[in-house]
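Pasting the structures in now, so scroll down.
First chain A sits with chain B, and in the next complex the same chain sits with chain C.
What follows is the complex of A and B.
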């Protein structure tokens, strides 16, 4: 009897629990799972937004078009988008990772707590600005007469040289990386400081008693124990960089050439929204999705196996 | 003596690196503030003079009047405030509800539900924006707040945070309330929600700023001037006024003020790590 009643409560509880998760389940089904399935589906059709004709089934035609080797030399091809995305991602996330780790270690080693706090807030300040504002500020700095040229020429003692920040294809990519790096460095510094703070001080005390110097404690204790954070931060930074859009969009709409910074997301936007080729844009979306899924799976796998217990 | 000499050089390097980085992060912000009061001529003068000669307030009036002198800036910043606030509210409500359900109730398929929600983290918005755009066209909700808000009602990350937080919430409280005859929904609204304040603050800030910063989705759904958001406004203004740097900077500064105020008053929720740090500084 008592058992039966207990089971009744349990069932009632189960119903409430299900009711509580139901709204989110509906949301994710409608606005995440349905769209991604739809993206796969649409990628097999030649679908135009404004066309009254029924979309034509083309099989893998859209993918074939994206990866057709004869288009590789075209400056606005999908190959170029993959290259632009890869260059941007590597060129941004490696400096972000290395420098944020160094800065976090330096800040954590400071003895003055107010200085620590001040530095964290200051490094973080650019992250508070929106990407559009960040791009606007830097576009003026990168003006031929702007501060960018003045600083670089002042440092290198080369008066009057224009670095062509937003004109030269290579410099244009470097400029987008600088803008992105500037916006996100503080965010990653904070992530690392949190990771460093979770290493118990007793381990360091033990190492110092054993006669380890600062160099040794960093390479033999800090870095190995920080490995989960390093993996987490690097995958997060990579995923962030793969999704970059606003910076490239802003720089392009202000007259810079498109080809060097035509990253995948930007290409999806132009192809799908401006040119209305929804099928082809969906194929690009699917490629982006697969790339990011592989990275995320890698993150799940590594964070699971690399967890450190104290 | 020798130990001291060894310690000085690394210290100098540390301070130098930290200082250079400090200049790198702060100077562009100072540049935005000071050049918002300058004429274009002063901004692009070589060498640059950091102190404005006089307060050039016309930059701000240009920024607010906009390209067509119809004060659309005010409407656009209001749109951004409405969208960001709504998304923050729905995120907190839905994430806490779902997180509570996942943390404190046992039901069949609970783990499957949790894995499914975590799985959506693998679906980047940029990969589903084209199908979402088609949905919006089908429902005829382009140029509406609903269209701007709908794809962002809740985030998997928010649910994850809430669930983690609520797993450690003492179940005895909940059972005590049940014995007292409180309904399940009442328990959620009156006991669980008020006890999640730190997570609520973190999550709502996160949701708010992600929409404040969102350019891509409004670009797809808001084509009419009236329904544009502030990133779209800045982008269009910068495009049209590309030679009027002072007005561009004034617009950028005005658009950043709400976030700056939020950051200054709620710093510890922005920089979650520092609070962790402070509790272990001994």
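What follows is the complex of A and C.
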């Protein structure tokens, strides 16, 4: 009888809980689930942005076109977008992960609190800058007469050499990686600092008493206990890199060639917005969605371990 | 209770149908009812100032019409209008470059001109007011779908001081051919190693349909066959034009590149950065605004668009237009008000030319006026326009321009051979045409 009464209260509380969660669930469904489902649905149709005619059902036609082997040689094909996305993700996500961890450890170990705060703000500042401001800064740097050439030539004592930051296909990809790295490193440093702060200092004190040096402390204590944060940051960084768009868009609109940096999201933009093929762009979005799901699952599986308790 | 509910439901379902039925019976639109016209256009400070004044005057004369004018950057405007129309939320009245606007006609998104509302007796009366052929671009199925806000072409602006500093006489030594353009630029260029500190001339990247296709046409090539079914006609012409661009770029004679600052913008500064830029009559207003001293010094001049030495056709850079168009899904009374507003604005052609951004509205009256003739170097633009044609404005023009951009920039910047770039371009453009 008492048990029944208890269950009744629980249900009542759950009902209230559900009511409180409902607005955000509706919001989330409207702005996340609906577009995802709609993109899946649209990907089976030949839908043009301006057409008033009913979209024509093409089954897997849009997907077949994306992966048609005869288009593989076209530098603006979807195959090239897959390549560009993978190169960008690997070239950005690994340095982001490693260097943000190193910087976070360095900042956390600083004894001067003002210096700590200053560095945190400095690293984070680019993340809050608007794309327009970032574009202006980097176009000044990458202009052939800009600071990029001046710095590198000054450093290497090679006056007058144009490093072709936005011209050479390899340099263009490196330039996008540098910009992205600059913009997001601060965000991941803050995440790591938060993770580091949650490790109880008593563990370090015990290790020091036991005679551990700094190197041993980092590899045996900090890194294992930071594993949940490392997994979180690596998943977030990878997903962010796969979704990169504004950096490539900014470079392209300033005159750089498209093919080397034609990542999937940029291809989606060009196909859907500029060329008006909404069905085809939706198929690309679905492929990107599946890629992101699979890579995230893989990452969770490979880094799965016991929970860390202090 | 249930019965009442059913009746109410039936009424709410049938009411719109009955209203629609009434509308079909009576086509007359109440032009005196209060309406709001949402007008979207691209940013241009001088035009904004003029149109704000004109719209105020228009609303005073037509108290039942409220006009809401919204501006965006030219690039953003193209995307915003398209996204809004895709969601059936397009503005009542808007303008875009014709190569982006034509698809709105073919997709039935815009309404034909309401001649009476715009103040014309009929279609012939409208055609009679404009320069011959100008409205052909927006005429589909015998109906005219837009009124031209501006018709623009580009010629070559020269900074005389930069010419003289290189020992050249601008009046005599200005380039008449593309070969001369490269040679004169070579004399004007100042380099720090590979880096161009001063350029002679640089192109108007990435508007390849406007300047590069005419260069190909000068050599006998075409973008499409006459029936529009075959892409890239005249391989020799295309290869020669692509080779010229390859030689222009950093891997050739290193005279310019799309990655340097926009030539048109830095020309106004008169900072010894560039000697020549490719731009329109409207640039004069911008020079005056950015650098009045340079504008008043008259140390600048305008010369015609060059041709290749062995050109088979004397073609200048294409002209392009922005047209006022009206949303076909807007309320009929709003459509009428929008056409009335368009015609009112366009009746101030001379003001647009002198203080509305120096834009040319291609009416016979304006072309015959002293105001246009007295604008510095206006005759150069008029003559260049006479040997030019409208930019390619087919439904997929922006996609085709992207492909041409890729071809030109791959030979200029990525070391791709003109032959390979042409093969890729042909395959891509043919596929675009076939899909249509």
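Here is the rule we use: the second predicted complex is superposed on the first by the 266 of 310 C-alpha atoms of A that agree within 3 Å, B and C clash if a C-alpha of one lies under 4 Å from a C-alpha of the other, contacts with A are read in each partner's own complex, and residues count from 1 in each chain.
Operating definition for what follows: a residue touches a chain if its C-beta (ideal position, glycine included) is under 8 Å from a C-beta of that chain, and two chains touch if they have at least 3 such contacts.
Worth saying up front: this structure is predicted, and the values here are computed from it rather than measured.
Visitor: Label the relationship between chain B and chain C on chain A in the superposed model as either fit or clash.
Guide: clash
Visitor: In the superposed arrangement, does A:177 touch chain B (first), chain C (second), both or neither?
Guide: A:177 sits against neither chain B nor chain C.
Visitor: For A:256, decide between first (touching chain B), second (touching chain C), both and neither.
Guide: In the superposition, A:256 touches chain C alone.
Visitor: Between chain B (first) and chain C (second), which, if any, makes contact with A:241: first, second, both or neither?
Guide: neither
Visitor: Between chain B and chain C, point out the one touching more chain A residues.
Guide: B
Visitor: I'd like to know which partner A:297 touches here: chain B for first, chain C for second, both or neither.
Guide: first
Visitor: Between chain B (first) and chain C (second), which, if any, makes contact with A:121: first, second, both or neither?
Guide: So A:121 only meets chain B here.
Visitor: Now for A:145: first (chain B), second (chain C), both, or neither, which partner does it touch?
Guide: Both partners.
Visitor: For A:276, is the partner it touches chain B (first), chain C (second), both, or none of the two (neither)?
Guide: second
Visitor: Which of the two partners, first being chain B and second being chain C, lies in contact with A:23: first, second, both, or neither?
Guide: first
Visitor: May I ask you to decide whether A:268 touches chain B, chain C, both, or neither, giving the answer as first, second, both or neither?
Guide: First partner only.
Visitor: Determine, for the stretches 133-141, 151-159, 169-177 or 259-267 of chain B, which one clashes with chain C when the structures are superposed.
Guide: After superposing on chain A, the clashing stretch of chain B is 133-141.
Visitor: Considering each complex separately, which residues of chain A are in contact with chain B in the first and with chain C in the second?
Guide: In chain A, positions 49, 143, 145, 253-255, 273, 278 sit in both the chain B and chain C interfaces.
Visitor: Which chain A residues qualify as touching chain B in the complex?
Guide: 10, 13-21, 23-25, 27-28, 31-36, 38-39, 42, 49, 99, 102-103, 106-107, 109-110, 113, 116-117, 119-126, 128-134, 136-141, 143, 145-147, 150, 182, 185-186, 190-191, 193-194, 197-198, 201, 214, 239, 242-243, 245-246, 249-250, 253-255, 264-265, 268-269, 272-273, 278, 281-282, 285-286, 288-289, 292-293, 296-297
Visitor: Looking at the complex, which residues from chain C come into contact with chain A?
Guide: My answer: residues 75, 79, 82-83, 85-86, 103-104, 107-109, 191-197, 205-206, 250, 257-261, 396, 398-399, 402-403, 405-406, 409-410, 413-414, 424, 427-428.
Visitor: Taking the touch rule as given, give the residues of chain A at its contact with chain C in the complex, in rising order.
Guide: 48-52, 73-76, 142-145, 149, 159-162, 164-169, 253-260, 270, 273-276, 278
Visitor: For chain B, which residues count as touching chain A in their complex?
Guide: 10, 14, 17-18, 21-22, 24-26, 28-29, 31-32, 35, 43-48, 94-95, 97-98, 100-102, 104-108, 110, 113, 116-117, 120-135, 137, 150-151, 153-154, 156, 159, 184, 188, 209, 212-213, 215-216, 219-220, 230-231, 234-235, 238-239, 242, 245, 248-249, 251-252, 255-256, 259-260, 263, 267, 270-274, 276-278, 280-281
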